[in-house]
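Here it is, the structure in full.
Read from first to last, the chains carry the letters A, B, C and D; within each, the first residue is number 1.
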Amino acid sequence: MVCKIPEPGMKLMEYQGKDLFRRVGIPTPSGVFATTAAGVKDYIAGHPGSWVIKSQVMMGGRGKAGGIKFADDAAQGETLARELIGKVLKSIQNPDGEEVKSLLVEEKVDIASEAYVSITIDRAAKKPVVLVTAQGGMDVEEVAEHNPEAIAKYWIDPAAGYAPFIGRRLAFAAKLPEGYRKAFPALLGALYTLFMEYGANLVEINPLVLTRDGRVIASDAKVDLDDNGLYKHPDIAEWNKQSPADEDQAAAVAIGLGMSNYAKFDGTVGIIANGAGLGMGTMDAIRSAGGEAANFLDIGGGAQAALVKKSYNLVTSDPKVRAMFINIFGGITRGDQVAKGIVEAVAGDDVRKVPLVVRLTGTNAEEGRAILAEAGFVPVETMDEGAARAVALAQGAA
Amino acid sequence: MSIFLDKNSKVIVQGITGREGAFHTARMLAYGTKIVGGVTPGKGGTTIESGQPVFDTVKDAVDSTGATHSIVFVPPAAGADALWEAHDAGIQLAVCITEGIPAHDMMRVCATTAGMRIIGGNCPGLISPGKSLVGIMPGHVFLEGNIGMISRSGTLTYEIVDGLTRAGLGQSTCVGIGGDPIIGTTFVDCLRAFASDPETHVVVVSGEIGGSDEEDAAAFIAEHLPDKPVVAFIGGRSAPKGKRLGHAGAIISGNTGTPESKVRAFAAAGVPVADRPSQIPELVAARLAKR
Amino acid sequence: MVCKIPEPGMKLMEYQGKDLFRRVGIPTPSGVFATTAAGVKDYIAGHPGSWVIKSQVMMGGRGKAGGIKFADDAAQGETLARELIGKVLKSIQNPDGEEVKSLLVEEKVDIASEAYVSITIDRAAKKPVVLVTAQGGMDVEEVAEHNPEAIAKYWIDPAAGYAPFIGRRLAFAAKLPEGYRKAFPALLGALYTLFMEYGANLVEINPLVLTRDGRVIASDAKVDLDDNGLYKHPDIAEWNKQSPADEDQAAAVAIGLGMSNYAKFDGTVGIIANGAGLGMGTMDAIRSAGGEAANFLDIGGGAQAALVKKSYNLVTSDPKVRAMFINIFGGITRGDQVAKGIVEAVAGDDVRKVPLVVRLTGTNAEEGRAILAEAGFVPVETMDEGAARAVALAQGAA
Amino acid sequence: MSIFLDKNSKVIVQGITGREGAFHTARMLAYGTKIVGGVTPGKGGTTIESGQPVFDTVKDAVDSTGATHSIVFVPPAAGADALWEAHDAGIQLAVCITEGIPAHDMMRVCATTAGMRIIGGNCPGLISPGKSLVGIMPGHVFLEGNIGMISRSGTLTYEIVDGLTRAGLGQSTCVGIGGDPIIGTTFVDCLRAFASDPETHVVVVSGEIGGSDEEDAAAFIAEHLPDKPVVAFIGGRSAPKGKRLGHAGAIISGNTGTPESKVRAFAAAGVPVADRPSQIPELVAARLAKR
């Protein structure tokens, strides 16, 4: 879908990513996850020393936004935690801000060096690709822009899998300090295991810290999981249900759609289409006709009447929607089912009725058009025509 | 001529007795596809209403029928397994309708099924109009002819083909390559096949924002298809710029996957890009006239 | 090596094999492992019902030998366990007998059907091969001989790994009763995981029981692990140290050889050679010369003097040995090291001296022959000559 | 001519600064092998005493030297990794001296290194006498000539070759295929290569009891080597019959791996089998005389 380029996924918070790190044997700093200032206080009281208190948020740039603090005793920890919890962090990447709901308290390690390592999917190569650079702790995109030869890459053959030479080669190619070398091949192997076993779109450690006492530790954790693979790990799928990262995703899942089948935008024309491509094409057609889409909604293949009705209600629950364009080209989706759903949806008393334009063709279109005709709807012939009419209706209703 | 599929291709249906499998088997048979049987474990030895035999395994089906093509209708969790089974049984081309097979399963499938062409997953399939349909496309929209078509999206394909057919521009083969992150056959694979098909006169490439397939296709066209006119469309150009997936994504390909970069790439390859699907027939007609 | 065709391995007892089964998720009967009659009594007292008491031995045919009993209460269990522990079971396969040291107490399941499944290495194909037959509970070799088409086979590509269709196909091909079908693909996948992760030469479930209440359970477990892969699983390597399955293996490992580098036979000529091939060739030469080898001992590649000395002592610890033939053709093994070892070995007061014939050629042979000459040994020129002389010495000494 | 290896083959040593690696590198250089460098992670940028450069990775070594052959001296736990690294770097032939690589690692290696020939593991290597030695064989035993030699055992090879050389029967190439359960190159692979080498006039196959390689070799000879005389030896014929590995082993190949079955197979293929290594030279000479 359009809004989650390159592919939809479930982003994990740092503390969740580190949970997975520990499952596969990647060293992480010692510490505790806390949702209250008292929890932070108690932990530091029981474990005297210097601690880092890190806000658990999805946004980038949390350090610059003041989301990371340092505490040397329990009282200080409590004070800082109280400050952070409930605070809304804002950064350039995220001007709206994100509220801090939980914290990660971690040992303050003595840093000798910071590296960067990630594995992501190269769609074109159909392979996992590993990126490593000795310039950790900073934005890797900047490294890529100003110093591209500092980034070492390796495409792993999924048939052969990971072998330690890959880690060795990358460590040498990226000129990682010697202290990394012994630990790195096994650590990257564990990261690859996580990537494949848990179906990650991205696993990233930035920085991967070499401490002055010679340990190699994942100081941060960024993990984005392919939602198509989540069924293999019901415990992790549960994390997402508890705190959905994205309201649109949650709304889509709630009515039985895929989590990337719905997204809200700023326009006034509501859209329901079958297929992501037709959905995007419909948005384009709305813009060509001088309007703006209020949303993207793909009912997917083979949708039944009940889903169409729920989708109608979801789209119209956005008060910005002034008109609706339902654009169906039946393949695996059958026109009669869609028509039935439309009729049922609009028949209900509990729905907000907006001017509706329907375009229905393809598989079982005749049957569908008959059902619509019986309910008093006259479908349009083409997408361009439907888009134009929907834009006119939305603007007329404004 | 056509690519990947002709009227003699023997096809089996994996998941033939399931809801979608049964529905589309009937439609494909009605279109004239040579469906020689299907597979549903535990239903081996029975037949479907129209008389085609059902087998327990793909191997049994291939051994009994000599099938070379397969179409897969199974749940996502069984998708990779179905493709491995097809490969193992000697299937040459498998169309994977199933949507949402985990990307990591598909990476492994693609790396371990050398010799078998996979179309999809999450694709509407393959049609050589007037000859055979292996997919879920509405056959009546298509018309036999000389336009090749490749598309990432299913329903957008129908939209575009509908326009071509209404304009009297028939198609040699239409391939829906599928919308999942990892797919078996890319634009470039299809372009390569169309390049050596003398009866495909113009190729329509219908892409989307995101990824770098379109840019790769443009580069391939510029280098290898000097004599085969191509027309393109990019869906989703009006979409608000989405959040990026972490940092690493864009660095690999050096490619942003934005509509601008795709349009630019096609333009550099001499490929006109339609603003709307409805403009495609005239662009195609113009290219045909120049031949 | 010669005595463990097709390859050397570490055989596990049933209860150990089932421990691995449980690690990968293969269902096994409920029960307990016991080394005392009291243990059996206590368990049955705490878990009333019908129980099978199975002697834990390596030999085949333990059922016919009286090693499996049934108990319906704690007292009966105790009596039977007392009978079994310490008993020496004898079978056709094992006329010398094997002492029962431990027992496995297991639920008596209500059997609807018995199948057979195994995975082993096909050396020629370089792939794991799966065998399945619906005729479980009996000797699979007999099935292979009298009813070969009842055995379904599948060679797994180690690059692609296991996929459920393999289990489905085998279940249909072997005509397993329908009750197996649902569980079988996942169970075989788990067995393949065990086979690859633990490096098994053989994993075998015979019988794989379908119970009347619809469960599919591994009623027996035969696991033979590749000793070359044992280093990956130190906990399991430890099992072997606690109770070595083979005295020769234990003796070899004790002096630092591989577990299959030494085997004792019935002849009178002791042999030390470098390389399994030359060792076997030397045995053949001894027989050609009219004698019989007392052992096979391969000091391996690159042996040092100390190992040669220990090997000498190991071979001569067998009182049957009347003469010794040391046959070295240096490649990676250096003649000077071997010569030094021989001289040191024979110089000790703590060794049994037997007439010794040495043949030394190849890498650093000149240096080696010089060392031997200095100590008063005159090496022979050829293997045939050495074999003839060693046989003559052994017979002369008889 | 020779197979697999000639005087121009550029060779690198994986594990060049280790005890065995260093020792045999010196011996191979003394024999005349074109050793162009070696690999020891962390010692990249240094050179060994005789001046050859050491690299951190096989890729660096191949990129700098153009090496096509590699010889592997690493511990068993690192063996599979070393072979994968060689394959990944584009090495065409890797000789694996390492003994005791887990069989399951080797199965995976063999399944995922298409395009690279692996000799071994647990083998003495490869020699084309007078041209190049990539292995741990004592070079002085060998003589340049027209006898091809293939052997499962290392030291038995030297024994047999020693006899050939003393009888004036030189060798084209001698391959020690290795004694581990899973090896990269089999008797049949070598026989196929010798079949198309006009300067190999007779081939000696030195087998052992166990497995079915010898039977496979005999079948191949009968079918594909009508004009290339072969002489065989089977080691271990006097060994007491060993315990069998479980039940499944013998069922797969339908083959017992006994000396009798191997002798029978060779006899059926017209291949004389020597009773002792010392008989081989006369059998070879007789076959040469008949040419």
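Odds and ends about this structure:
Heads up, the rule we're going with is that a residue touches a chain if its C-beta (ideal position, glycine included) is under 8 Å from a C-beta of that chain, and two chains touch if they have at least 3 such contacts.
Note that the coordinates shown come from a computational prediction; the quantities given were computed from them, not determined experimentally.
The chains that touch both subunit A and subunit B are C.
Annotation: C-D is the more contact-rich of the chain pairs C-D and B-C, by number of C-beta pairs in contact. Mean C-alpha position of subunit C lies 27 Å from that of subunit D. Inter-chain centre distance (subunit A to subunit D, centres taken as mean C-alpha positions): 53 Å.
Counting partner chains per residue, subunit D shows two or more touched chains at residues 108, 111-112.
Of all residues in subunit C, those touching 2 or more other chains are 157, 159-160, listed in ascending order. If you sketch which chains touch which, the pattern fits none of the simple shapes: not an open path, not a single ring, not a star, and not all-to-all. The chain pairs satisfying the stated touch condition come to A-B, A-C, A-D, B-C, C-D. Across the interface of their complex, subunit D is touched by residues 157, 159-161, 163-165, 168-169, 172, 178, 181 of subunit A.
By the touch rule above, subunit C contacts subunit A in their complex via residues 159-160.
If you check the complex, the residues on subunit D that touch subunit C are 20, 24, 27, 76-77, 97, 99-108, 110-112, 124, 136-138, 141, 151-159, 162, 179-182, 186, 206, 208-213, 216, 235-240, 242-253, 257, 275-278. Residues of subunit C touching subunit D in their complex: 2-7, 9, 118, 120-124, 126-129, 131, 139-141, 144, 151, 153, 157-159, 195-196, 199, 201-202, 204, 206, 222, 224, 226, 228-229, 231-232, 258, 265-266, 273-278, 280-281, 283-288, 292-293, 296, 300-302, 328-333, 361-363, 382-384. Of all residues in subunit D, those touching subunit A in their complex are 41-42, 44, 56-60, 78, 80-82, 84-85, 88, 108, 111-113.
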